[in-house]
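As written, the chains take the letters A, B, C and D, and residue 1 is the first residue of each chain.
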Amino acid sequence: MRGLPSRQIALVVSLANLAVTAFALSGFNNDGSFNYELNLPWVAQAGISFRLGLDGISLLMVLLTNLLAPLIIYSGFNRDMALENRYYGLVLLMAAALNGVFMALDGLLFYVFYELALIPIYFICAIWGGENRIRVTLKFFIYTFVGSLFMLMALLAVYLKTPGAHSFAWEDLVAVQLDSFTAFWVMLGFFLAFAVKMPVFPFHTWQPDTYVTAPTGGTMLLAGIMLKMGVYGVIRWMVPLAPEAMHVWTPVFVTLAVIGIIYASLIAVKQSDLKRLIAYSSIAHVGLIAAGVLAWNKTGMQGGMIQMLSHGINVVGLFFVVDILERRLGSRSLLDMGGIAKSAPAFATLFMIVMLGSVAVPLTNGFVGEFLLLNGLWNYNFWMGAAAGLTIIFGAVYMLRAYGLVMFGEANRQTEHFADVDRKEWVVLGAVAALVLLLGFFPQLVFNLTDGSVNRILGAVQF
Amino acid sequence: MLEVVRTIPIDYYVYLSTLLFCIGVFGVLIRRNAMVVLMCVELMLNAVNLLLAAFSTYLSDAQGQIMVFFIMVVAAAEAAVGLGILVMIYRNTKSTDIYLLDNLRN
Amino acid sequence: MEALIPLIPFLPFLGFVVNGLFGRNLSKTSVGLIGSGALLASFLLSIACFNQVAASGPIQVLWYNFFTVGNFQVNFAFLVDQLSVWMMLIVTGIGFLIHVYSIGYMHDDAGFWKFFAYLNLFIFSMLLLVMGDNLVMLFFGWEGVGLCSYLLIGFWYQNKEYSKAARKAFIMNRIGDLGLLLGIFLIFKTFGSVAYTDIFARIAGVNPDPAIITTICLLLFIGAMGKSAQIPLYTWLPDAMAGPTPVSALIHAATMVTAGIYLVARCNPLYSLSPDALHLVALVGLLTSIWAALIGLRQNDIKKVLAYSTVSQLGLMFVALGMGAYVSAMFHVTTHAFFKALLFLGAGSVIHAMGGEQDIRNMGGLRKALPITCWVFLIGTFAISGFPLLAGFFSKDEIFANTYAAGGRLWWGFAGLGGMLTAIYMCRLLFLTFFGNFRGTEEQKHHLHESPWVMTIPLIVLAVLSVAGGFLNVPHFLHIGTPQWMAHFLEPVVHNSNLSHGGAPHHLEESTEWSLMIFTTSMALLIIVVSYFVYAVRRSLPVADAEQTGISKILAHKFYVDEMYDFLFVKPIEKISQLLHYFGDTRGIDNLVNGVGRGVEGLGGQFRKLQNGNMEYYLLGMVAGAVLLFLTLYM
Amino acid sequence: MTLAVFLALAFVSVLFALLMVFTKNPVHSVIYLILTFFAIAGQYVLLNAQFLAVVHIIVYAGAIMVLFLFVLMLLNLNSDTEPVQSTKWKLGAAIAGGSLLVTLVGALKGGIQLSMPEVSNSQVGLVQNLGRVLFTDFVVPFEIAGILFLAAMVGAVLVGKRDLNV
């Protein structure tokens, strides 16, 4: 299919997807029930059905996916790559799988989509990645795959406890009352899968390597959307299925997440590879999301909601910035940069806005999320909240350092003639910046969407 | 009823063929000459044949003996091909020592 | 009026947007006009607000619901009461003057439009800070001003040192912000709301544990420490002088750094419940006041001297707060805004004339070349030193009197010491700069010129304010004009707790007040006279950096605090970062994970050895398998 | 009487089988194996499977073993060229074979319950009967076996070719 304009097709498809999402949004009933439910028998004998549906949380994640997908696709337009049609095809497959993950209301279907999402990203990284890509991608693959196997076991354990002819339907799985022993293992199984995906300390070591090695589009997919699968899984599956183990495991999980926040932040402080730095910052941010969500209260949960969206937007913007720098300078090292603000003021401004969103300055999208997450975590445990709060200091430290090294100082021979953003780049970064400010000023838009579902989930889980 | 069926319990045949079979296995394990190993395999096949024939008679069912024919067919084919290969190997290595036959390793 | 209130912050915001997006293509005049015009409009609106508040009490405007999560409700809403309208006037008024001044000062800078955009953004944030009706709004402004401070300190970003200073300011502020954030959480948990009116109305009803109140107060105070540059988070402020001088005047003297004072004054109902917290506030303020003044004695950079003076004065304000004299602190905020802005702008004028030179050892005798600047600088210096009837005289005196009343002689003595040190280094600065002979190069001498009128007019206005500002709140015993006018105005929101508790141990006799005032005034006068002789007549010069010895060397090196922080925090964190990356990630966890992988691989290797291609092994294995099979089946 | 014949034949077959395994000279091994086969043919006769016995002699002793002998002579193998296993390995093999025997016997002991027909058909092993079964019920496997043979023949020829540039 050499003659087809694959990138344009991909863009149109993803935009159409976004339009459908917008349509779904317009007629959405946010009382916490599942909208637009589709329920087809799949393997009826085993209680497996092809069941999709959207509640507020799902819709938010679907929105995130379909909002970012066109950006990610469009961001690749400036780059010529081999086997372009396959690349865009894989990206679209990825988007499909991610949408499926966020919409699945059947345990097995969820698992299938969850695994399906792994396949395109594996090929994207392994084919278009940088040096060491095979080794790194294999590690990533094995890591996540082993994690998901634990999840499968946990799912089956719950499934086998469903009454009568077993069923994988979400409601049936949630209704199962597990004894504390089973719940303990079920929750652990789920957590291993999601912790690897997010990733939570100490299951994170695949992540910086993979982010660095993967092509920009792949990194965006991974960091922007895919890791939200983990958080989403925690909210939709892990806790509702095994709430009986919450009081045993939550302290452990939250502690790990908080350790991860500080650990990753500290490491990010001295990184000189910009992409790796952002990768570590992503660990810290996601650690905070995980900790806040696991605190399992209203503020933490809603904070997690908006922060998932915000983090996706910001991280896509940041990685795109890295991509621009790398394409122009041929290096990602902060030591090779400096003084770019002078030659590329528009770029500097857009980068600044995205960076501020990531540092969680008020009236950018990062703020409300971090504020509520910290509040939720703080309500859960004062000291945890305070420790996690260090992220607002460290976040400023490493992001400002990176920004300063890139933009400020004297220009060197390479950065002297750094071309400012062209039209395509303007569109992507401008869209990201606009979203940063929009959500910064009007976070309630997100909360209106998710309020009903969050209440429902929180209310359904008693422990 | 046949004399043999009356006087000899089927167990005897079972034991006999088991013994022969184990001798065959033992031979395969103990010998390094590919030729003898092949012969031991023939012995093992015969042990099975004997058992089949015995059961066939005891149950008055011809199927067991038919099976023996088929086994003979296979054994003959095996011997033909096996020996062909052996000659081939001998041509290359000047030996029939199966220890040299570790080409499967890599 | 209500509908216009959001305009007060959003006009500068509009200015920021317009200048930021299109400023590059606009002429400098229009950029300046847009920037200053937005502020002037805000200022006029603030005056209108002031009148209405004075006439009919506070105005509350709900703009929109920012977010509601469960019962955590935060509105984008404004509360314009006496305290905030007071701050609004300072911010927009002085902000406007500084904008006008910047038109002249920044005229030749390539980033002119950017500068005005940032300044407007700063005013926007600062107005959010003071006008917000709840603590989260305050936090918006709080972080927003920190951000603008970052942008403006690092305005000349080509210089790596400058952008480092900017980063330092932002990060130190963020340390404080974390405290503030946790304080907000605790307030919400305790009172169920973050809106000021709700919080203060619920204090009696909730009747929280005193320990919780103290914790809240201390957490908020951590925030104030960062923003208002108190020990231990003060080192960013002197470094922040890397920014253009109008920035130092606006942000690092007049407005942003007083946000901490505003916060404590705003939360005075809470602080009044916690004597322990107040005590700590006073102690930190006092320490900072003396500490910074001591350092200021031996600084030779004209802006650094002013910076340490700012830190010291802020300390003094915290002493006042700690004594429960909230109004006095606000009064000093006001007068300090006048004369410190004046001093900074004057210093800017000097630097402008000297072509960027900031070392006072290379100045001297500028009186002739810069007459207006010299006079206004003199007024500013005398005002800060406590020369009778100037602004600082009244506000400082009020603080000293309250310190004496609430804290006793010891506190008063130390606070007074800080004040006197201020007078010493300020006079030293004044006389070394404007008197004596010119010590710069010939080239600089030719270049010397008075600044253009856009710069001098704001100076003159500020000088007038520095002279007259003190009469806003004249003490009772002097019987001039309307005594305690400002205190009366602020009464509904803030009041000095010792004054309200009427009499008893806190109230001073008139005679005591008189004698205190006479003592401090005579000390100030004495210092002025002595330093005139030392620096203007005898012309003793500070020695070169290399020749400093003993204590003065320690002072000149700012007690080596920066080095200490570097050694204690920055270096270890960087080291830990590297170690964690190396031993934690690369060698540690990753190694472990890879180890598991290698283990599996190794095991595979062992098994692979069994697959050695030798049939006999296979057969043996087969036999063993068969044996096992039969064993399990039949045994 | 029958039992005595059986025991004698069994003894002979086991004896020669062991001899075949233990003798060093491959040629002797072949001879012993042929003798074993004769003993087994005797068992067949005893079992009233005369046709099978005849075929057995023809195929094994007549064809396969002669083939073995030919090859042996072709390769000129004798006890001098015979490779010898290490003692350790011999011991291991003995243990393995022994334990297989023990477990098999243990497993099969007393476990055989035959539901033998009341009237046994003595005609089972006769050519007529076998032929009928073979060419009716088993005609398809028979044909397949033919194909297998053909394949083996072709394979053997191919393998035996001197140079394999096929």
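Going forward, contacts are C-beta pairs under 8 Å (C-beta built on N, C-alpha and C of every residue); 3 or more make two chains touch, one makes a residue touch a chain.
Note that the structure is a prediction, hence the values are computed from the model and not measured.
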Query raised in the report: When you check each chain against chain B and chain C, which touch both of them?
Result: D
Query - Chain pair with more C-beta contacts, C-D versus A-C - result: A-C
Report summary line: Of all chains shown, smallest offset between own Cα centre and global Cα centre goes to A
Requested in this report: Starting from the mean Cα coordinates of chain A and chain D, work out the distance between those two points in Å.
Outcome: 69
Requested in this report: Go ahead and note the Å separation of the Cα centroids belonging to chain A and chain C.
Outcome: 37
Report summary line: Rounded to the nearest Å, the gap between Cα centres of chain A and chain B is 64
Query raised in the report: Using the average of all C-alpha atoms in each chain as its centre, how far is it in Å between chain C and chain D?
Result: 102
Report summary line: Where chain A touches two or more other chains at once, the residues are none
Requested in this report: Identify all positions of chain D at which a residue touches two or more other chains, and write them in rising order.
Outcome: 89, 92-93, 96-97, 100, 104
Query - For chain C, residues contacting two or more additional chains - result: 616, 620, 623
Query raised in the report: Using the touch rule from the top of the page, what pairs of chains touch, sorted by label?
Result: A-C, B-C, B-D, C-D
**Report entry** In the complex, chain B residues that touch chain D
**Finding:** 1-5, 7-8, 10-16, 18-27, 29-33, 35-36, 38-40, 42-43, 46, 49-50, 53-63, 65-66, 68-70, 72-81, 83-88, 90-91, 95-97, 99
Report summary line: In their shared complex, chain C is touched by residues of chain B numbered 25, 28-29, 32, 98-99, 101-106
Query - Sites on chain A touched by chain C in the complex - result: 139, 142-143, 202, 204-206, 208, 263, 266-271, 298-299, 302-303, 339, 341-342, 345, 349, 356, 361-363, 367-368, 371-372, 374-375, 378-379, 385-386, 389-390, 392-393, 396-397, 400-401, 404, 407-411, 443-444, 447
Query raised in the report: Where on chain D does chain C make contact in their complex?
Result: 89, 92-93, 96-97, 99-100, 103-104, 106-107, 111
Requested in this report: Would you tell me which residues of chain C are touching chain B in their complex?
Outcome: 611-616, 619-620, 623
